[in-house]
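So, here's a batch of structures to check.
Okay, so subunit A shows up in both of these, paired with subunit B first and subunit C after.
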Partner chain A sequence: MAYRPDPVRVYGHWLLAAAGLSLAAAAIGYGIPKVLPTFHLDPLALGLIYAVIALGLNIVNGQAGLFSIGHAAFAGIGAYTAGGLSTMVGPRLFGWGPGMPAQLDSPAAAVFFMASLLAGGLVAALFGYLVGIPTLRLRGDYLAIATLGFGEIMRVVLDNTASLGGPLGMHGIPRFTTYPVIGVALVLTLIVCRNIATSVPGRCFVALREDEIAAESLGIATTRVKVNAMALSAGIAGIGGGLLAHRLGSYMPVDLSWVRSVEFVLMVVLGGSGSITGTVIAAITLGMLPGEMLQLTKWPWLQKLIGNKMVVYSVLLIVMMLVRSLWFKGGWELSFQWMRDSAARLRRRLSRREGPANG
Partner chain B sequence: MIFWLQQLTNGLSLGAIIALIALGYTMVYGVLKLINFAHGDILMVGAFVAIYAAMWAAHYGIPVWFPLIMPVSMAFCAALGVAIEFVAYRPLRNAPRLASLITAIGVSLFLESVGQWKLGAGRHAFPALLSDHRIEALAERYGFYVYVSDLVIFASTLLLLVALQAIVKFTRFGKAMRAVSQDPEAARLMGVDVNRVITGTFALGSALAGAGGVMWGMKFGAADPLMGMDPGLKAFVAAVVGGIGNVPGAMVGGFIMGVAETLVAACSIPIGRMWGSDLVIVGSNYRQALGFLILILVLLLRPSGLFGRHEPEKV
Partner chain C sequence: MASDPGHLAAPVPDAMLELQSVSRFFGGLAAVRNLDMAIGRGSIHGLIGPNGAGKTTVFNLITGATPLSSGSIRMEGREIGHLAPHAINRLGVARTFQNIRLFKGISVFENVRTAGSWRSGYGWIHGLVQGYTFHLREAELHQRTSELLDEFGLAHRAKEPAGALPYGEQRRLEILRALATRPKLLLLDEPAAGLNASETDALMQLVERILEQYELTILVIEHDMRMVMELCDTITVLDLGERICEGDPAAVRNDPLVIQAYLGRGDTVDASDQ
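Right, the complex of A and B next:
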């Protein structure tokens, strides 16, 4: 008799995962706006979008151990591409008037919006690829500076491109990024990142981070893997940038500056470089921080204390690095495996407590 | 012709300052293999110290002279550099280099944001520490402007460069510095107090940054809390172009950066007509991008810089 695996056992966790993720997307998309007071919604939306960009950066900075300080530029490229499609092509296709529609008004428009986000991601990935080919032969600090240089060049070029708004940037981008859109985008990004992390390319990235020479001697084409990581990461950041542009309604060259890139780096580092869960938590926290601080009028002393965002950021950055041993675990993920393990650990501890005979 | 000669002169005077700042980067990188991102912001602090020192001096009737103000700035910056090294970099001596790079960025952001917070984000007028006379004979006969202040800046920069080179080449401390930059472990085994050398290097480099800040402020007549970013990045590029860790390389790189930037800023290149109007690339709009273009080109063609030696990686 042929071996017939039990379909529930084989596909069960797939179904479970699919159900759970759909539930998560629905919870973000429809649950949060219902539950949360309105004035927390905007900061949280920013935090969730930043999570998408930070997840992109996490592939390069966290998993592959390449230090990029240019991801604000990749996000900006995505934002300008998607925003440009919405403001320049959208009106011709869908007759959007001078005042853009407040929401996606037809399925065709929704498809167009998705396509423009993807286009933003693709263009950003292309830039990531092109930037990666020459610069990724550099290592460590040099790579950081080269990506920083790329970001600054993009900023200056956009500053001087009158047709894209010059220093004022792009305005009147329709605000299509609603909570359901964010929910779906974030969950899809999570799936992609998680699957990459646990498959061959992701393992290659981690191998590179741990020891480049050893990885090379195992037959990993280091430069190619790095370029792939960069393109992938830039693409995800580009999609996040498109989302951000359609949330904020405008995007400026200043948003591409390296200071913004450092904010994304901070999210990845704070999350314990390499950890997807940590990155998402850190991105949401740091993304919400500025918006939430505006609402601290109840506690003036607290507002005064953290009123200067960048002072808090910079001190956080230094202190985090000084007490690195507490943070830099990096391996922890919120996963089924972890839940199973901790449940087993709990059970063991409980059973041990029942009687000394078991111990 | 006079126009380009004029631009070349401007470029050289800018390049001298950039070279001065680049030395700080290159020395710290030499001994610590760390890009001191806060270097540009130490420069900013130097400029502000000069502003307040000048105000204080004027208040007490002390003459506001360049040779009096600049040492104050340099001393303050040297102390600041040592303090930063002690608080932010020393605890991370054995950590992965990325960790100290992130700390350096943190220190940089900290100085900038505290500056914006306490001094305000606006521009502060920089006191005229030098006369604004120009050499009249050249101006009248050729329309070629050379300012006395530029000459003084240039001369004092060269003086500092030579002094530094002498320190590195001929003193015991310089010898120790070179030893640490070659191999910290071996230097330690030979009885060099590595930590003290690093502290000294930070003091030296930061003092140069302070001097650079005063000169930058005098050249452009203003200071603001974010002023350090631009010279900091340019000087860093200069250091990489010259081969980071290499002292003469940083000087040459600084001059290359200054001259290239000034010459490009002086250009405007017509690239054709479109929709009935002339399309012109205005060089000065792109001067900030130019440095990075040079950087990326140099990194691609000679990753170890113009004067750097390529070191193969060992397991």
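Right, the complex of A and C next:
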């Protein structure tokens, strides 16, 4: 009676998507460093890593309609966890000297690095879960203040923990986050976010955002959904934090401050609050900005004109805020469905233009 | 105005839902006091009364949205008075809201599909991997959603945001969304409020159709007396949180206490008087 999907088609598409995504990861990992001028590589790497963290935040702030201003802290927890494993456990396991290896020098080390990143994500998710249980009964502004408080507490705690470097933070973290690593991590994050958004768990997030009371009356366990969203979101941010630590080589308590959290919030808001595509674009743009500003020294007149990062930042914010309403209205996503629909629209328009009745 | 034994209806032998001396206080105010009510399987039961009588509070108590002050509520013999709203929905109770609570920002289709979600039979793992089971369950969910929209005349609106629909269609969509959870008992809070006469007729047809097609039991709060009198098998009248009368439409219409409760506030029971 019911329509049954054809397994061959389903798995055919699945494999095709897997192949395409592997290609995308390879393009980021090996293609970009080949074609892009070197001085853009560092800023772009940061932008791509920020995209991972912002995608995590997008689940809570964009899809579930909750409001966290504490995601720099979740990223920081991931960074300190993964960084700690690399600087304290790594040397013992692999005999890394004080200079640390410049790159992953063995498959075992690569597996260890992956495990460190995952551990960072898991610890951050655990914190997200623990923060979520008591605070998610709060709504709107109160939740925002609670997560902000949590972030500041984490910052102060790290400031006062001598074994983790105190206010100077963690240094000498091996720089394992190369472009291939970023490519794989970003593509995997995108898959997770996209697949959740297009299935039941993601729809529950959106129901929560749209109307919590209605959602609950329709059988959605809203409290559990909130805690899940928080844990997942914090976990992804934690992995992003681990990547960041292994890109920068150091991580400090100030990196957990609310000012950083607000930057992530901006990326999500500018991305259209809920749109995965928009979040990635906004995160890359804002994430690249400070690095790209350094290029201005080449054009002294331009630097004199807009030499202050905050000036550009503000103008960019305003422009993106204006453009956003055109681009990301109605939760637009760069999806296969959208491409098919646009192709159909284009074909219709072209055939109409060729038609004789058109004057 | 204590409940008069003379106005008690005969006990309902096969009750879908039973309320026993249910009370709910807000501070000193008794929004519902000592309410006994039984809703027969397969019936349409009306709940009427002047504004502020406590009707919506009764819905909130049944669905767990408001905790009981005292008393017991049983769904098919099972105590549900202590359960969370989502758990009560999963036992087969769905509702609409007096002030319409659609997911306004998402499409009509998504509204209905989201409501069927917990019945889809897959969770995080299948959602993440999106293999065959996922596609099978999603295809079923998609089909059920389309069927509901097709059958009840909202298919042409499927892609529009729910908030953009005209009022009458929003009411209809909210009913379909509740149906998507495949309830045994459907609670409708003033479904005809704000509808014109022809929209109300369409609504009455809809209610009668879903009652048969989905083997439902319906409890409806409504001010439109024509609708109440035509649709309902049994009517319970509330005033100031207490039941003042229960019976079939004819009995309720002629009950002196009911007439007094309505006339005392310049309201009227019989639509033909208006």
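Everything that follows uses one rule, which is that the second predicted complex is superposed on the first by the 315 of 359 C-alpha atoms of A that agree within 3 Å, B and C clash if a C-alpha of one lies under 4 Å from a C-alpha of the other, contacts with A are read in each partner's own complex, and residues count from 1 in each chain.
Basically, a residue touches a chain if its C-beta (ideal position, glycine included) is under 8 Å from a C-beta of that chain, and two chains touch if they have at least 3 such contacts.
It should be emphasised that the depicted structure is a prediction, and the values quoted were computed from it without experimental measurement.
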Just to be sure I read the superposition right, which of the two partners does A:Thr178 touch: subunit B = first, subunit C = second, or both, or neither? neither
* Name the contact category of A:Gly202: first (subunit B only), second (subunit C only), both, or neither. => second
After superposition on the shared chain, which partner residues are touched by A:Ser250: those of subunit B (first), subunit C (second), both, or neither? neither
Which superposed partner A:Thr285 touches (first subunit B, second subunit C, both, neither) | neither
Touched partner set for A:Ile213, first subunit B, second subunit C, both or neither | both
Report task. Pick one for A:Val269: touches subunit B only (first), subunit C only (second), both, or neither. Result -> first
Thinking of the overlay built on chain A, is A:Asn160 touched by subunit B (first), by subunit C (second), by both, or by neither?
first
Between subunit B (first) and subunit C (second), which, if any, makes contact with A:Thr277: first, second, both or neither?
neither
Intersected contact list for subunit A, partners subunit B and subunit C 213
Listed in rising order, the residues of subunit A that touch subunit C in the complex are 2-5, 7, 10-11, 14, 192, 195-196, 198-204, 206-207, 209-211, 213-222, 330-331
Counting only contacts in the complex, subunit A reaches subunit B at residues 65, 67, 69, 134-135, 137-138, 140-142, 144-146, 148-150, 152-153, 156-157, 159-160, 213, 259, 262, 265, 269, 308-311, 313-318, 321-322, 324, 328
Per the touch rule above, subunit B residues touching subunit A in the complex are 35, 88, 91-92, 95, 97-103, 105-110, 112-114, 116-117, 233, 236-237, 240, 282, 285-286, 288-289, 291-293, 295-296, 299-300, 303, 313, 315
Residue set of subunit C touching subunit A in the complex reads 63, 65, 84-87, 89-90, 94-95, 97, 101-106, 110, 113-115, 117-120, 122-124, 126-132, 134-136, 138-140, 143, 161, 177-178, 180-181
